[in-house]
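So that we are looking at the same thing, I have put the structure below in structure tokens.
Each chain carries a letter (A, B, C and D) given by its place in the written order, and its residues are counted from 1.
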Amino acid sequence: VDLDGIRELLRDFVREREWQRFHTPKNLAMALAGEAGEVLELFQWLTPEESLAIMSTAKAEAVRDEVADVATYCIRLADVLGIDLEAAIRAKLVKNVAKYPADKVRGKALKYTELD
Amino acid sequence: VDLDGIRELLRDFVREREWQRFHTPKNLAMALAGEAGEVLELFQWLTPEESLAIMSTAKAEAVRDEVADVATYCIRLADVLGIDLEAAIRAKLVKNVAKYPADKVRGKALKYTELD
Amino acid sequence: VDLDGIRELLRDFVREREWQRFHTPKNLAMALAGEAGEVLELFQWLTPEESLAIMSTAKAEAVRDEVADVATYCIRLADVLGIDLEAAIRAKLVKNVAKYPADKVRGKALKYTELD
Amino acid sequence: VDLDGIRELLRDFVREREWQRFHTPKNLAMALAGEAGEVLELFQWLTPEESLAIMSTAKAEAVRDEVADVATYCIRLADVLGIDLEAAIRAKLVKNVAKYPADKVRGKALKYTELD
């Protein structure tokens, strides 16, 4: 993804609407969680199997839109906070590799703290 | 951001831990919302002004990590669903430009439906 | 539940800590969603069957605590907004009875708008 | 609040619609978080001051309904899990009194772990 390009498009979108003062990190964190809640609602009554097939149903467009909304607010929040999102994702992945050693967690969904 | 590269790294991370069966769209939607909740908790008692300065505090690393977690699950959910995330974001932005005409919403946080 | 009694205990708890200024409706809405996110995280990797048996596992206390946290912030938010929570629940249930006619939705998880 | 009465009404509501199999703890946790997300969305662009005045605006009914939805799913989740909600709230409050000693946290929104 050309994240830099999207980040610039979002800055323009906000500037043209003079929405900068609404886009505090606090408000964007709320919007991010609100959109994540909309993704949840699309899946809440589905079986795991139905959730795997959702893109073949009439809900496909809504799923695409809501996942895009979460991504958009995530990019926007990172931008307002001055976070380099790619670097942050890579750094967190390095932490997760150390936190969840493959040979200890293989095939288990447990949090590492539950292992011992 | 080199999203393609990150998507591949995440696939490897999941495969090495044999976590594929946990990563149904339903479960990933829950994880996404759970991480968005952790972002919320970092901001919930802050004033708008304090939220703007959070990266200069001891919470900066936690903010970077939690925003990265949301982005990671968003990329992973899109991958499992076969959604082209960049295309979805751009398509949603086009919809938002039409839904929120700059001359009608300028300086207002109202939903368009509240405008008349 | 003696909700009135709990509401008073919570008022005392907040007053003794001088936390009133943090308990704006906006902040309480964030705290409510943050706690709901913690409930989510307890269930996110479980199968439906495992979720039914969670109170027989080591997670039982955490489940009880997190569900209590959600209820607590819900009571607190209603109190700060001057909402009569019991009346609001009953009024919403009346709406839901009308929105989801038993003979139309029996055995279906679909939203009514998906029926027709 | 007559929680016992509401719990029974909700059981009847679910039974008449044969929705029991959808009401697993996992699915109810998702519905709870989804509704908390809808509460969030009502407050996300408001200033703290505006959030205090929301019940005097056209949004009052939506706020009442969404807070009721969260409470409803909270009661329903507790019921399905066999949790005594009033006892759980009181037990958690006792923990919070110990975790946040009034003389240490007075006027501060910090988590106790940040105090030293």
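One rule holds in what follows: contacts are C-beta pairs under 8 Å (C-beta built on N, C-alpha and C of every residue); 3 or more make two chains touch, one makes a residue touch a chain.
The shown structure was predicted, so the numbers you read here are calculated from the model rather than taken from an experiment.
Trainee: Consider the two chain pairs A-D and A-C; indicate the one with the greater count of contacting C-beta pairs.
Mentor: A-D
Trainee: Using the average of all C-alpha atoms in each chain as its centre, how far is it in Å between subunit A and subunit D?
Mentor: Between these chains, centre-to-centre, one finds 24 Å.
Trainee: What whole-Å value do you get for the distance between subunit C and subunit D if each is reduced to the mean of its CA atoms?
Mentor: 3
Trainee: Counting only residues that touch at least 2 other chains, which ones in subunit A make the list?
Mentor: 22, 27, 29-30, 33, 36-37, 40, 43, 45-48, 109
Trainee: Please classify the inter-chain touch graph. Allowed labels: line, ring, star, complete, other.
Mentor: Per interface graph, the chains form a complete graph.
Trainee: Which stretch or stretches of subunit D touch subunit C in the complex?
Mentor: Going through subunit D, the ones touching subunit C are 1-4, 6, 9-10, 13, 16-19, 22, 24-27, 29-30, 32-33, 36-37, 39-40, 42-43, 46-48, 51-52, 54-55, 63-65, 67-72, 74-75, 77-78, 81-83, 85-86, 88-93, 95-97, 100, 102, 105-107, 109.
Trainee: Help me check something: in the complex, which residues belonging to subunit C touch subunit A?
Mentor: Within the complex, subunit C touches subunit A at residues 29-30, 33, 37, 40, 45-48, 58, 109, 114.
Trainee: Write out the stretch or stretches of subunit D touching subunit A in their complex.
Mentor: Residue list for subunit D touching subunit A: 22, 27, 30-31, 33-38, 40-41, 43-45.
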